[in-house]
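Structure provided below as structure tokens; questions to follow.
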Amino acid sequence: MGLVEIATGKVLSSFSVFLFLTILLLVVARRISTSVLLFSVQSAIIAAEVFATGFRERLAEAYVVGALILVIKVVAIPRAFFSLVHHLKTSHDVNASTTPTQSVFIAATMIYLAYAAVHSYGQSVHVPEDALAAAVALILTGAFLMVSRNKALMQMLGLLVLENGIFLAALTTTFGMPLVIEIGVFFDILIGLLLMGIFTFRIRDTFDHLDVSKLRRLRG
Amino acid sequence: MPLAPIELGFVFLLAALGFFVPLLLIASQAKRARSLAIALVIGGNLIGCFVAALCFWRESNPLLDLSRFTPFPFALGIDRLSALFLLLICTVAVPVAIFAASYFDNHYGEHRRNWMWAFFSLFLLSMIVVVTASTGFAFLVGWELMTLISAGLILMEGDSAERCHNVFIYLLMMHAGAAAVAASFFLFLPYSHGLGFAAIRTASAGVPAGIRTLIFLLAFVGFGTKAGIIPLHLWLPRAHPIAPSPVSALMSSVMLKTAVYGFVRFAFDFLGGGPSWSGYIVLLAGAVSGLLGVLYAIAEHDLKRLLAYHSVENIGIIYLGLGTSLVFLAHHQPVLAALALIAALLHTFNHALFKSLLFLGAGAISNATQTVDLEELGGLQRRMPVTGATFLIACCSIVGLPLFNGFISEWLTFRSFLAGSILTNTKAQIVLPLMVGVLALIGGLAAACFVKVFGVAFLGRSRSAEAEHAVEVPVSMQGGMIMLAAACLLIGTLPGILLHPLASLAQVLIPGGGVPEETLIIARVIPWIAAIILGVSMTGALLKRRERMVRTWACGLPGLTSRMQYTSTGFSKPIRFVFSSVYKPDRKIDRLPADQPYFPVSITYRSVRTTSYEKTIYRPFVEMILSAAHQLRRMQTGNIQVYLLYIFVTLVSLLAFLRFQK
Amino acid sequence: MILLMPLLIALLGAFGVLGFRNPRVATRAALLIGGLEITSLVVIVWQVHERGALQVGRYLRVDGLSSFFLINIAFISGLVLVYASGYLRHIGERRFSSPRWFYALVFLFLFTMISVCLSANLGLLWIMMEGTTLASALLVGFYNTEGAVEAGWKYLMVCTVGIAFALFGTIVLYLAAVKAGMNPVAALDWVSLMDAAPRMGFDPHLVKLAFVFVIVGYGTKIGFVPMHSWLPDAHAEAPTPISALLSAVLLNCAMYAVMRYDAIVSRAAGPVFPHTLLLIFGVMSMVVAGLLILVQRNLKRLMAYSSVEHMGIIAIGLGLGGPLGLFGALLHTFNHSVAKSLLFFSAGNVRHNFGTLRMDKISGMARTMPQTSAALVVGGLAIVGLPPFSLFTSEFAILSGAFTQAHYFVATVFLITLSVVFGGFAYHFLRLLTGEPSRTPVSSKLIPSEYSVMGIAALCLIIFGTRIPHLFSVLVQEAMAVLR
Amino acid sequence: MKVAINVLQALALILGAPLVRGVVARFKAFLQRRQGASIWRPYSDLAKLFRKEDLVPPTASGVFRVVPFVLFGTTICVAAFVPLVQPSALLASGGDFFLFVYLLAMGRFFLSLGGFDGGSAFGGMGASREALVSSLAEAPFLLSLVAVAILASHADIAGMVAWTLQQNIFNISAVHILAFTSLAMVVIAETGRMPVDNPTTHLELTMIHEGMVLEYSGPSLAWIEWASAVKLHAMLALLVALFVPWGMASSVSVGAIGLALLLYCAKATLLMVLLAVIESGMAKLRMYLVPDFLGVASAVSALAVIFTTLVKR
């Protein structure tokens, strides 16, 4: 039993805890940059998990996927975000519509719910429960962020977190999908972010604010 | 397939109305083209009359199956029932078309006239499709088109705001009714595979009782909406008056009848009668529509609205007959059921004749005086003798005086009520004979109403300059009215010509229904009475010596003026007073100047009916729907976060559903 | 190889058009490319009809169902391109919003939608479905006005989130397939999935889970209530040709995806569950949209909601299943596209002539713009499902299906909603067309590019209403055969 | 032979009609302690009118001129319905009471039109009031006859009479009493007698029938007056035939016919006395009380119909 195996085992057994940690931090984060940082950390954890799984399952393509995550989600996207924040010259506040305390409570409940859900579906999916629970929790958190943070950027971030969750779920349940598909998905995410970036600029130019909760001209 | 002459004629009728005429009119604006088109319409309908007559007497059922071309089975067939209504449509269409030939010329410019004619012929086509359809699909297609095209004809007359509102109400109620009709067709589907009438007929025996009831009720409501039974009549007095007179003639004399056709098709042909309560429902609807219809009519002084309300009344009389027939069927009295059915169908036919004549008369009046407000008319008889005479005949017919066709059908209805006394069931024994009283009251009030109409419009002194200088309408209009009047008199004096065929039809619809002897009796006795009355009048006229014109002594005043005559409002005052509980009138009297009430310069009086089905029944319902819509509109907040929340909530609830469904 | 043709044409065309700075030239080029595109699609459809399904590699495949939707795409995109060639004369050269950008994006959009229909792999299907969102988002925000930007943002966000769930659903199905012992490489090829579906039956729960996520995800794109929120905004704010494309093609593509999953899940876990979900969503969409139609003030929003309603009708047809329901649903996708694009085209003329879509500001159109009014009337009568127009036929079929299977509740709601919708349309259109003309149009006459497409659409509505061409019905049958 | 008698009794009914008026007038005079005119007076009135010339208002149209003949014609037909001395009549076979009532309605319809055509205020007023009375009178009229017809299970008047003949005079049912009451009330309303209408007045406040015929004169008026006389007589004869037919000739022999005729005269005279008593005993009702009067009649007739269900078994 080499060192690597041990490391792998550690990662696989403990990463969900770290993920929950990031979740809790994400929901209390006040500044966009903090949240972005947390996101990249989160992605890094997931990447580690991908490598670990790939190593354990002897999946060559897992390494590719992990590398993609590292490149795109850990490095590229956060950078893009920072430059976006920089160019938009907007305040760094996430304008949360919930106080940190409420957020934490909600996050906690979501984690609990995630466990409950996984437990109820768990028996049909024979996978480590807390891994799946983390995935579901990420999905819920992403949803929560999108609903409760009025900054356009934070919605994008929430979407990313949600995407992370889905990816993690895929990983834990099926050890990833065929490589082509994975790449395609990444590609889509990138394009999507690009477009959203364009739109944030347009919103800023037309409304000179980034508060999506104020975009309410079209209704009824 | 080789076509027998009957099929050929039928195909020609359809092709002419549906294809050649519109094409011709849209293709060219030339006068010759139009007259050719009109000739086609008239000729096609004449052929249609022959086709229908042949199908009726030779009982050959031509079937025109177009299913190969259409997405769903679409076949037109003429069995006895269809033949009767086809005959009705074509018989009315010919004179109306002849009338319209010059009416449209007088009222519309070159361009619009062509469209009018095109829609006119399409309207006829749609109604023919309805009554000859032998699959549900064909029926529904015709049914919807009928509404649409008539609405188009109304809108062509003009597009003022309240006209559009009326059209809107018309369209909406018709669509709801059509939905009910469609449902009553579809309900057969699980049992009869396909909507062919034959299949439905065979399958209907196997339909469970609950579904049968549902079908009956849906058909009753759906067709009742079209027929305009109270309280589903809301659209009728709105839509009929605003259409061009020939069109309103078609609408209330033919289009309403398609509803009767549909109801007979369902209640008798498909379902073969039902439990007795269904008969009582129909009776009740008939009684209410008849009484209230005639009462509302009396209160009107806009001639066309008045006539529209009388359509409601006559539909009520028809439904009385149908209901009686259903009751008899429920108590296994086929012969009596046949009697009542014959009465209803005959009245359907008669009403088509005299109501179209009345509407044509109204058209002639508006053509001569530019108004149909009774208070503006008067003394037209001397200026428009032909119009007056034909209109008088129509009045006598609708009132149901002997020697006119309306009487025959009402008499048969009376007799079928009377026959109710021989049933063993006490309820029927009491209800049916008492209906005699109801129908008598309806008849009496109708008589009063038409004394008013004819007396105020055609007799006495003219109440306005227009009426003073009215001139008789052109020949073709007269021709149309004369033809209809002749038909009324013919059926009124020699009812046999329609009664015997109707009896044979009744035997088709009601198995075991022999020929009721009443039909023979009336056919025998009426001619005698006609002879006596004619003889007396003739001898009297011969004995008559010279007469002298003398101005009536005006109690010392310079002379009588038209202001001294009874107005339509004044005439109906006593009846409105007696039935004030029906109208709940809101009276208003203004004296000018107000400070000296005893020496007024002018007194204006108006009295409006405050009872309104719109307010009491329809408005709340619509309000409810609209408020729901506004609630939903509020849900569409415009906040993207709320939208996202909707998605998440949906997902979670579905997951929960899945979880607990496991 | 032929399968690659339309994709290549669209892709190259997208970049090629960008080369032409002169709007007129760009338009010509676009029409040319569109023509090639359509011909290639028609050829594909014909070959499928002749020889049955075509497969290229693992990822591209065309069978009866997809070729049926390809016809839809070809027809509507043809109409839209021609209409756009006249429509774009009002927009000037701005960054990202000039004819060439417009066409480039349109061809990208077409590329994604075609590849949705061509993809044989559910993963690829998902990717391309997301691609449609991305490609059309900029088109929705094309005018760059406040409304456009807002609508674009909402469209992008809502649909991306929804689609994300669809991805999860895809993954879960993949998991189920793998657990059912399929080769992971082929576990997303839906042909093999159809074959293996019965084997997945041993754990129906997972399959149902997948379907829940998929129907929420793609349902967002279809515009099922309550995920429809993006739809009216996008349709109302997008340039008219795009509104037509969105509601006449995009929604159908999403519906196509759901059909695929429905077929698989029905095989694996029995038809009851997916069909119940479809019926629920269908009824909800019909009722809510039908009610909302009553209280709309903007012409295009009105039509957008009517699209939601018709998607509900199609979903009901699917949910009923059976020959009648399926036939009706497929037929309705096509009929609705034609009618709706006709309506959107007329709405485009209204906006261009009156500068507004507020219905309370317009009246008496029948006098001022007879041709457009005629188009509106035809489209309106068709969309509320009156004879002799084609939607009557398809709705008749679906209703017959509902009654034949004794789904009385659904049928009743269906009929009532139809009446409500009829009321809404009659009310609004009577207001628009009749009365005193409120304002004078810029040009009451239509230009050839406009009345030609409108005429074709109207003609198509009437023809399909009176008799369905034999070839077409055969194609529908083939499509149905795939889903069985 | 039978037919000949039918013709004769119809003629008797028509020609005897003025006499009925005269007799009633004479009885009233007696009751009011006047020494009234001779009972033959109506005949001489008619003769005088027939000799006079027709005066026609300028507004009058053809309708005005036709009305008297139509009215008279219909009334003659009505007369031909009623059995007098034998349980059959000229039009009795098939001509049922619905026809009877509607023929009366026809005459009334035309008379009202005639009133309108005069172009004066009174004609319209009379027509309007007549419309009210007749429209309300029709229902009880028919219903009371329906009640009798149900018992007799015959719709034609002759058949009803024949059935009543076979009954024992003493087991006459409640239905008959109710029917008779309502029918009598209807007869009063229909024939324009007190308390509904006053045949002798010409005050615009009260008159109905007189209002309509106000513009008529000479022969036209004569036809109308004669017609209304025939109507009155026919009604009385109907009451007699339906409710006290006993004594009608069952066989065609001179003796039987003669006896029947005498008996009829006696019954009719009794009815006339009754009429005279009512007319001189009661004050005329206000216009808007007439509906109540007829409402009572309707209720009674409806009761009669309902009772038939009890009586028949």
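In order of appearance the chains are A, B, C and D, and numbering begins at 1 in each one.
Definition applied: a contact is a pair of C-beta atoms (placed from the backbone, for glycine too) under 8 Å apart; a residue touches a chain by one contact, two chains touch by 3 or more.
Computed from a prediction, not measured in an experiment: that's the story for all the values here.
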Of the pairs B-C and A-B, which shows more C-beta pairs in contact?
B-C
Most remote chain w.r.t. Chain A, using mean C-alpha positions, is D
Which integer distance in Å separates the CA centroid of chain B from that of chain C?
44
Distance in whole angstrom between the CA centres of chain C and chain D is 79
Nearest whole angstrom, what separates the Cα centre of chain A from the Cα centre of chain D?
102
Dist(centroid_CA(chain A), centroid_CA(chain B)) in Å evaluates to 70
Quick check on chain B: which residues sit in contact with 2+ other chains?
633, 636, 640, 644, 655
Touching at least 2 other chains, the residues of chain C are 153-154, 157, 161, 205, 209, 232, 295
Sequence positions of chain D contacting 2 or more other chains:
none
What are the touching chain pairs in this one?
A-B, A-C, B-C, B-D
Chain B residues touching chain D in their complex are 379, 381-382, 385, 388-389, 392, 396, 399-403, 407, 411, 414-415, 418, 421-422, 426, 429-430, 433-434, 436-438, 440-441, 443-445, 447-448, 450-452, 454-456, 458-461, 521-522, 524-525, 528-529, 532-537, 540-541, 543-552, 560, 562, 564-566, 570-575, 577-578
Tell me, which parts of chain A touch chain B in their complex?
117, 120-121, 143, 146-148, 150, 155, 212-213, 215-220
Can you list the chain B residues touching chain A in their complex?
633-634, 636-641, 644-645, 648, 655, 659
In their complex, what parts of chain B are in touch with chain C?
69-72, 137, 140-141, 144-145, 148, 155, 159-161, 164, 167-168, 171-172, 175-176, 179, 182-183, 186-187, 189-190, 195, 625-626, 628-630, 632-633, 636, 640, 643-644, 646-647, 649-651, 654-655, 658, 661-662
Help me check something: in the complex, which residues belonging to chain C touch chain B?
153-154, 157-158, 161-162, 165, 205, 208-209, 212-213, 215-216, 220, 226-227, 229-230, 232, 273, 277, 288, 291-292, 294-295, 364, 366, 381, 386-388, 392-393, 396-397, 399-400, 402-406, 411-412, 415-416, 418-420, 422-423, 426-427, 430-431, 433-435, 466-468
